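Structures for review follow.
Presented sequentially are two complexes of chain A, the first with chain B as partner and the second with chain C.
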Partner chain A sequence: MDFDLQSWITIAAFAGGGLCMGLGAIGAAIGEGFTASQASTAISRNPSLSGDILKSMLMGQAIAESASIFALVVAMLLLFSNFSADTWLMVYVLISSGLCMGFGAIGAGVGAGFPAGAACKGLAHQPAAGSRLTTNMLIGSAVCQTPAIFALVTAFILLFTDFTGRPVSPTWAAIIGAGLASGLGAIGAGIGSGLAAESGCEGIARQPEAVSPVTNVMLLGQAVTQTTAIYGLLVSFILIFKIVPATEALAPAMALLGAGICMGLGAIGPGIGEGLTARDAVRWIARKEKAIADITRVMLVGQAVSESTGIYALVVALVLIFVV
Partner chain B sequence: MKTIRETQKKYCSRALIFSIIVGFICYLAGLTPICKGLILGTLFSILNFIIMGETLPIRMNRSKGKTFFAALGSIFFRYLLLAVPIVVAIKFEQYNFFAAIAGIFSVQMIILFDHLFSLIFSRFQKQV
Partner chain C sequence: MQELGKIHQLIIPFFGHDLTFNLEVILMTWIVIFILIAFGILINLKKNILPGPFQVVGELLIKTFSDLAEESLGEELAKRYSPMICALFMFLLISNWLGILPHLEEPTKDLNTTLGLGLMGTFFIAHFEGIRVKGLKNYLKEYTEPFIPMIPLNIIGELANVVSISFRLFGNIMGGSIIILVVSFLVYSIALPPFLNIFFGLFVGTIQAFVFTMLTTVYISLKVR
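Our next item is the complex of A and B:
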């Protein structure tokens, strides 16, 4: 059975769309489920507040769902658009953009569920701080979506960049690598940001007067957590826009693909690790506000050390792109 | 349910007013596809948020098995619903694709802006 280029492009679009929505649904479903489980705990603790807790749960779930809606947008674009059959590279572009957005939505979906769940539980403990809790939850959840937005941007750049005239080999590997670097790289940062935001909500419920330092350190912790996702985005951009000379050898293609995989996988651990550091720092700042300077310093040092493995991945990825 | 209905009413009406104002400005500027895309996306975003809230009691007041299928059905239905404006925007040039995407997130954006605005306003009032 012989397939022409147009048939392969259709096949790749369908496969990419399926992968995108299938992977993209994982995170949001876990996040929303976690929120609902925490809301159930909160209602059992304080049934008189069930209306407010349900309202908080609804808003948290609406934000947690955003990442999977990004995946839905890219999946629909892949399934219903007519893509030009000018180059074989389009086949790789379609699969890579689907993988990128699918993986990229996992972390943000899971992460956004943590603050929403903590806000529901916090509301049952401290009903008077409801407004502050909801605001903190929404800010924390929104920041969790940033890595998914990076993946969305990469998927759109892949879909709308004109690859005509580029050599098929080794550009195909750079395209797949770009999608994996940005998509996989967003997982850890999304989950880590969620962990920091979760303890922000817990802290406000415990100590409503400490809302300013808790929110500030939470945002600082989330910002540092997301640096590895930025490395993933950077490597993706280099892989997409670097013009590589044509070659039939497999080694240069594997170097480019390896760079994307290295950065994508290498960003998962530091993202979660930095999130764990930020989570406990924010939690203890709410309990011991006077120790804010020391705790923040320890948090930043701990995050920097955890980040070092992400930097190793970035260095190896850059070596694979520019040296090998 | 009353609290949820009030929340839905508040954010859905604000999202609709916001998109109508922005859409009208775009229409006056001659950007009709953006106006149409934004309003189309917003309408489906509102529908999604309403169904999300209205199906909460269906999901909660039933047995475990029925709750699972009700929740799954709600998610499938809402995602199918959200796919409609995206497919329409892809297929018809009268609707701008990116404006339709922005419209799909209008309720979420309004929830965020509302709380951020309240936070900034309360801090400003404390300083005064």
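Our next item is the complex of A and C:
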């Protein structure tokens, strides 16, 4: 069977939309399930508060779902917009933006479930701190969405950049690489910043008067955790906007694709690792507020060391793009 | 949808190079600056022991950020830099909130703004203070830790700080405005856009302004200790 360009573009839009929503559904579902499980535990501890806990659970789940809703928006756009172009690159753009948002929604969905669960559990222990807990949960899970927002930015920039006139080979590899760098790169950062926010909620429930240092260090830890996702975004931008000379050889194309995969996969580990560091730093600051300066410093240095593997990935990706 | 990714630029040739000015961003930045100046004048018009509404907000901001600066920088440096830190937060806050008004856009949506602010705080001020407080020799010695072959990676790590802090703010604000634009387009601007504006404009904007300010403070404090 022979297809013309327009049918290939339609096929790619459908495939991209399907991948986007399919992958994007994974994370939020896990996160929301975790929240509900913690809410059940909380209600069994303190049945008189079941109304408040249910409210808190639903609020947390609503935020955890937003990453999936981003994926839904991109999938709808892919399915219902009429994409027409006279370049074969459009086929790769549609698949890549779907993959990018699909992978990008996984981490934030899982991550945002942790603080919501901890908030429910904390509410059962410490009903008086309810409003502080809710505020902290909202802030923490909103920051968890940052990597998903980065993936969304990359997906939209891919969709709306004008690729006409760019050589099909090796630009196709750059496009797929850009999607994978941002998409895969968002997984670790989303989960990691969720871990940091979880212990923030737990800490406030344990020590309600320590709310401002706990929230501050939590935000700091989350921000540093997301650094590797930002490297992913950076590599995506370079891959999208760098004009590469046309060549039929496969090696330059594979270098660009490899750069994206390298940065995407390389960002997963540091994201989770830095999240673990931030989680326990925040947890112990809530219990021992006096040691805040020392704990924060150790947390930042530890995160920097854990991040060095992400920086290696960034260096290799940049070498692949600019040197090879 | 067509306005997505469109930038009004003024390109001036300059000795063989093209100087590019993003006119909208410059205009929006000046609007933010005028709002802040007006806010400052309003606070100072009626100074009283019983503070008026503007004075209360001003005192709250200054107290919060001078405390924050003192906590991480120590008393002597905090005196010098807490005005800068407070001003940075107010500038970013108004910048991030500007997009909720029709026809106005966030200056922070442009990478040039955030990169400029990131270079100022995380690069120039942090390294200048690092050299001034610790001396050039101790400052340079830090790059050889934990052992000498790590020098290039330490340098890349320093540059990565600037990149990460500015891309974080840029990506969040840009992402928020894209989502608002696309969702408004998909639902024909019915019902949803105000809530999106509250979440991405006011809420995420405030958090990211605070995160940027705090990270700048922490990066400076890491260099001087």
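Here is the rule we go by: the second predicted complex is superposed on the first by the 324 of 324 C-alpha atoms of A that agree within 3 Å, B and C clash if a C-alpha of one lies under 4 Å from a C-alpha of the other, contacts with A are read in each partner's own complex, and residues count from 1 in each chain.
One rule holds in what follows: contacts are C-beta pairs under 8 Å (C-beta built on N, C-alpha and C of every residue); 3 or more make two chains touch, one makes a residue touch a chain.
Because the structure is a prediction, the values reported are computed rather than measured.
Answer with clash or fit: chain B and chain C placed together on chain A by superposition.
Verdict on chain A: clash between chain B and chain C.
According to the stated criteria, A:Ala142 is in contact with first (chain B), second (chain C), both, or neither; which is it?
After superposing on A, A:Ala142 lies in contact with both chain B and chain C.
Output check: A:Ile230 vs chain B and chain C. Expected answer is one of first, second, both, neither. What do you get?
second
Check whether A:Thr134 is in contact with chain B, with chain C, with both or with neither, and answer first, second, both or neither.
In the superposition, A:Thr134 touches chain B alone.
Mind working out whether A:Val168 is in touch with chain B, chain C, both or neither, as first, second, both or neither?
neither
After the superposition on A, what does A:Val153 contact: first (chain B), second (chain C), both or neither?
In the superposition, A:Val153 contacts chain C only.
With the two complexes superposed on chain A, say which partner A:Ser308 touches: chain B (first), chain C (second), both, or neither.
It touches chain C, and chain B stays clear.
Is A:Asn216 contacted by the first partner chain B, the second partner chain C, both or neither?
second
Contacts for A:Asp52 in the overlay, against chain B (first) and chain C (second): which applies, first, second, both or neither?
The answer is first: A:Asp52 touches chain B but not chain C.
In this superposition, which partner touches a larger number of chain A residues, chain B or chain C?
C
Just checking: does A:Met76 make contact with chain B only, chain C only, both, or neither of them? Give me first, second, both or neither.
After superposing on A, A:Met76 lies in contact with both chain B and chain C.
Given 163-171, 181-189 or 217-225, which one is the stretch of chain C whose C-alpha atoms run into chain B?
Clashes with chain B appear only in stretch 181-189.
Residue by residue on chain A, keep only those touching chain B in one complex and chain C in the other, then list them.
After superposing on chain A, chain A residues 73, 76-77, 138-139, 142 contact both chain B and chain C.
Could you list, by residue number, the parts of chain A that touch chain C in their complex?
These residues of chain A touch chain C: 70, 73, 76-77, 138-139, 142-143, 146, 149-150, 152-153, 156-157, 160-161, 216, 219-220, 223-224, 226-227, 230-231, 233-234, 293, 296-297, 300, 304, 308, 311, 314-315.
Write out the stretch or stretches of chain A touching chain B in their complex.
29, 51-52, 54-55, 58-59, 61-63, 66, 68-69, 72-73, 76-77, 80-81, 131, 134-135, 138-139, 142
Report the residues of chain C in contact with chain A in the complex, numbered from low to high.
4-5, 68, 71-72, 153, 156-157, 160, 163-164, 167-168, 171-172, 174-176, 178-179, 182-183, 186, 199, 203-204, 207, 210-211, 214-215, 218, 222, 225
Help me check something: in the complex, which residues belonging to chain B touch chain A?
Listed in rising order, the residues of chain B that touch chain A are 1-4, 7, 49, 52-53, 56, 75, 79, 82-83, 86-87, 90-91, 97, 101, 104-105, 107-108, 111-112, 115-116, 118-119.
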